[in-house]
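Right after this note come the structures.
In what follows, subunit A forms one complex with subunit B and a second complex with subunit C.
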Partner chain A sequence: MNSIEVKNLKRIYRATIGVIRRTVKEVIAVDDISFEIKEGELFGLLGPNGAGKTTTVKVLATLLIPNAGEVKVNGLDVVKDANEVRKHIGFIFGGERGLYWRLSGVDNLRYFASLYHVDPEVSKKRIPYLLELVGLKGRGNERVQGYSRGMKQRLHVARTLLHDPDILFLDEPTIGLDPVGAREFREVIRDLQSEKKTILLTTHYMFEADSLCDRVAVIDKGLIVAMDTPSALKRHVSDLSVVEVETFGVAPKVVDQIRELSFVDAVSVRDQGQRQLILVQTPLGAEAVPAVMSALNGMRVGRVTVREPTLEDAYVRLVGGKE
Partner chain B sequence: MQVWKRCEMKIFANNLRLFWQGTVLSYVALFAWFRPVTYAASKVLMPLAQIIFFTYLGSYATGKDSVDFYVIGNAIQITAVSGIFGVTFSISGDRWNGTLPYLFGTPANRMMMFFGRAFMHIIDGALGVVIALTWGALLFGVDFSQTNLSALGLTILVTTISTCGLGLLMGCLSLITANVMFVNNTVYFLLLIFSGANVALDTLPPWMQTFSQVLPLTRGIASARTLISGGSFAEVAPLLISEIGIGLLYGWLGYLLFKWFEIQAKRNGSLETV
Partner chain C sequence: MKFKNLIVYWRTVLMVAEITLRHQWNDSFILFAIIVQPMIIAILALFMLRGLGGDYAMYVVVGSGLTGLWSSLLFISGNSINNERREGTLESLVAVPTPFEVIVFGKNLANVVQSLISMSSSYLLAALFFGYTLKMVSPLLFVGSVLISIFAFISFGLVIAPLFIIYRGIQQWQNAMEFPVYILAGFLFPIALLPAWTTPVSYVLPPYWAARALHETSTGAGDVEKVIFAWGMMLLFSVIDLFLASKLFKYMLYKARVDASLETV
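Let's look at the complex of A and B:
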């Protein structure tokens, strides 16, 4: 059975710009998106900044009315049956806002428990359980304003599990978490997955999507450009290898020159402080190295490696190496 | 039938709890940065300051025998602090905290969510008036020996509820515009002038008097003055009925605005714009 059905979803934002001569600018955040998520499935939504991920999640979470299309959660329409949908879903938008900073963690949870009509007897037991689950045991009585960013995000997770929803929308839940925190968080997601919860996850971390998701959709400019299992998506680029070149202060112009080479499929640059890692996708593999090096034209170069493509490489190819 | 009844009961109990929790927590959220001592001190001293300031100023300008006029007017006016500023902050807090998307994502009853924000301020405001009147008796010798105290108590409660009603409307405006403080201060000073706290209404030009009649507080102050000078409950009952009517009307407008805001925000995607 499908827990989530999105059919031809479209959402436009209108923004008025200018004070005196007001003009209305339209942004097509989601152009035409359709997908289904099966019960108990962990579905990833990937895509560059501004692709329309958060917009899609907001529509699913009943917080935004679509301009066109049909969106159903557990067979219920998110616009017409919004209040019924809300009882079955939980959602988080990454980041630390959305909590009462002057209240303690426990008081925040208490208030949201009452908003979700959780029986007081139930929430009395559930709140300590959830605090422990998200690793905030012993900190619940402190005021949220004294929490670190990661702690606030953990509290959000506890908040969204108060009414034990069977569907979860997690929009960049690990953004800003330290590596250990992010790993612990992924463990929590796996636990939820094993409880047969249906989860929609958006993330910019490809390894995260690769290790967690049953299926992913890559969206770009409000359209789905690929949708499959992570391993199937990797197979898209299995004919390619990735040449990684470590550089120190490479100019964007040089990167463009590499991109224009006939045997190069996609190029992306990853900043690592002083260094930049140039990732070149090419069917030539190691044979492409000399040409890439000559494009770099005598610049100082560190480590050079050739490796198998990952989900990230598949993603880079799909969205055109912009990230 | 039995089942239906139990179900109804449960919904009712749930809504009551939501109302109560919203009440307590929004109040705690607002005042948690005060330590209890600081809070108590401000609660006792703020009315004192207002009473002394306006009573000396007013009776200096108009003569000594009008002391009661200023004490009572300003004591009742204290409700506007909780009613306008307190309630507004309780509602605009959701905007600053970024909690609106999370609130509107719950199936909670919006009316309970909304009116729960005001409830504690009614108690807070009424307490402020009582403290202010006590100062009036201690410092300026306001005489309560002729006063129907339970009718005065009712007057205080009714007036506090009606200013909170206006506060709910102002609070909603704070969700829509960012200039809450400006709007609130303006309303507060309008009340200070037009409610009759410091200016006898019959000295105002007619159009201003009309304006006074659509504000909360005006009739509450008149009622308190009548009662303290020995008037009967029957005399003030019509005033109190209109006073609460006005308050509920503002509160209801606030609620409609709140609902409208939710719908608009979902249409425009403006739920978290600060």
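Let's look at the complex of A and C:
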């Protein structure tokens, strides 16, 4: 049975520009996308910034009205039955906002428990249980403004679970967390998955999607460009190898020259402070290294490696190597 | 609406009011709006009018309390929507099963009740520092007037709040709405002193009927008929306000979901 059904969803943002001559500018955030999520499934939505991930989640969370299409949660329409939908869902938007910083963690939870109509007797037991579940036991009576970013994110999870929803929307929940915090958070997501919650996770981090998701949709410029299991998506690039070249101060023009090489399928650059890691997808494997080095034309180069493709490489290929 | 829902909503209103008070008392602007500003107004009025006797001092105490009530409703309740938007909590509040108007009702209840502090502080100021003997004409009717005024102010605030959901610029108009109501509602002096053409405007303002009931029961003749009439007008306006608010909330929240204005600051 499907918990979530999205059919031909389209969402446009309109902005008015100018004071005297007012013109309306339209941006298509989501353009005719369709997907379904089965009950108990952990579904990933991957895509670059501005691809339409958050817009999709906000439509599902009843916070935006779609311009076209049909969106159902547990068989309920998110526009007509918004209030009923809200009883079944919980959501987290990445970042630290969305909590009352001048209140304690417990007061934040008491407040939202009441807004979700959780019986006071139930919430008295549930709040300590959730604080323990998210690793905030003993810190609940402190003001949220003193919490670390990771603690705030975990309090968000506790807030989301107060009314024990069947469906969770997690929009880039690990963004900005340190590696340890992000790993702990992924453990929380795994626990939720084991409780058979239906989860829609949006993320930038491919390894996160790879390790957590049952299925993944790659979204770019408002369109779904691929949808499959992580292992099936990786097969999209099974004919390729990835040449990684560590450089220091590479110019965009040089990256474009590499992209123009006939045997290159996709190129992406990952900034690492002073260094940049150029990732070249090619069917030639190690044989491509001399030509790539030649394109770098005597530039200072660090480590050079050739490896098997990952889900991230499949993603780069699907979204056109822009990341 | 089912009786069970009413109980759940009332419980939620009380929780919202409690949390609103806890949250606000950490903000020094709130203390300014509900204590400092009404006290400044009371001091100025008491100095200017000190030759007029004890009755007028009581009039000023009640009037400055009403200024606190109105300012609190206008600024704190209105700004609270924009504050929620800034803190990123507005989306979370809209996406809960509790209707948003129930949440705003709880917030307004907290703001209006806490603003009664300004009336008490003005009372103490007049009694302790200016040495007035302050007597209440009809204490029981006064308490009744306070309770009905609270309900009327909360209902009036519910009409204002939805405008803040989509018109973020409305904040700039708050100052323009503050002092005219002080004058037109007769908080600090009777509206009989104003030009006759302003009287119909006063009559359509619920704060005017609140001021009339409170002044009549504190320093007036305590005329029961006049008080009951003012209560009736407040209740009538409250019913109209609640009806308007329910329509406005529905429309504004739908529009905010269309315009994507719940998050943007």
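As a convention for this text, the second predicted complex is superposed on the first by the 322 of 323 C-alpha atoms of A that agree within 3 Å, B and C clash if a C-alpha of one lies under 4 Å from a C-alpha of the other, contacts with A are read in each partner's own complex, and residues count from 1 in each chain.
Keep in mind that, in the parts below, a contact is a pair of C-beta atoms (placed from the backbone, for glycine too) under 8 Å apart; a residue touches a chain by one contact, two chains touch by 3 or more.
This structure is a prediction, so every number in the text was calculated from the model and none was measured.
Participant: Evaluate whether subunit B and subunit C can sit on subunit A together after superposition, giving fit or clash.
Facilitator: By the criteria stated at the top, subunit C and subunit B clash after superposition.
Participant: For A:207, decide between first (touching subunit B), second (touching subunit C), both and neither.
Facilitator: So A:207 meets neither subunit B nor subunit C here.
Participant: Regarding the shared-chain residue A:248, is it in contact with subunit B (first), subunit C (second), both, or neither?
Facilitator: Neither: A:248 stays clear of subunit B and subunit C.
Participant: With the two structures laid over each other on chain A, which partner does A:65 touch: subunit B (first), subunit C (second), both, or neither?
Facilitator: both
Participant: For A:129, decide between first (touching subunit B), second (touching subunit C), both and neither.
Facilitator: neither
Participant: Regarding the shared-chain residue A:263, is it in contact with subunit B (first), subunit C (second), both, or neither?
Facilitator: In the superposition, A:263 contacts neither subunit B nor subunit C.
Participant: Should A:13 be classified as contacting the first partner (subunit B), the second (subunit C), both, or neither?
Facilitator: A:13 contacts both subunit B and subunit C.
Participant: From the superposed pair, tell me which subunit A residues show up as contacts to subunit B and also as contacts to subunit C.
Facilitator: Dual-contact residues (subunit A): 13-14, 58, 61-65, 83, 86-87, 89, 91, 93, 97-103, 107, 110-112, 114-117, 120, 159.
Participant: Which positions of subunit A touch subunit C when the two form their complex?
Facilitator: 13-14, 58, 61-65, 83, 86-87, 89, 91, 93, 95, 97-103, 107, 110-112, 114-117, 120, 159
Participant: For the complex, give me every residue of subunit A touching subunit B.
Facilitator: 11, 13-14, 55, 58, 61-65, 83-84, 86-87, 89, 91, 93, 97-103, 107, 110-112, 114-117, 120, 143, 159
Participant: Hey, which residues of subunit C end up touching subunit A in the complex?
Facilitator: Residues 8, 11-12, 15-16, 19, 22-23, 26-27, 87-89, 91-99, 103, 254, 257-260, 262.
Participant: State the interface residues of subunit B toward subunit A in the complex, per the touch definition above.
Facilitator: That would be residues 14, 17-18, 21-22, 25, 28-30, 32-33, 93, 97-99, 101-108, 113, 266-269, 271-272 of subunit B.
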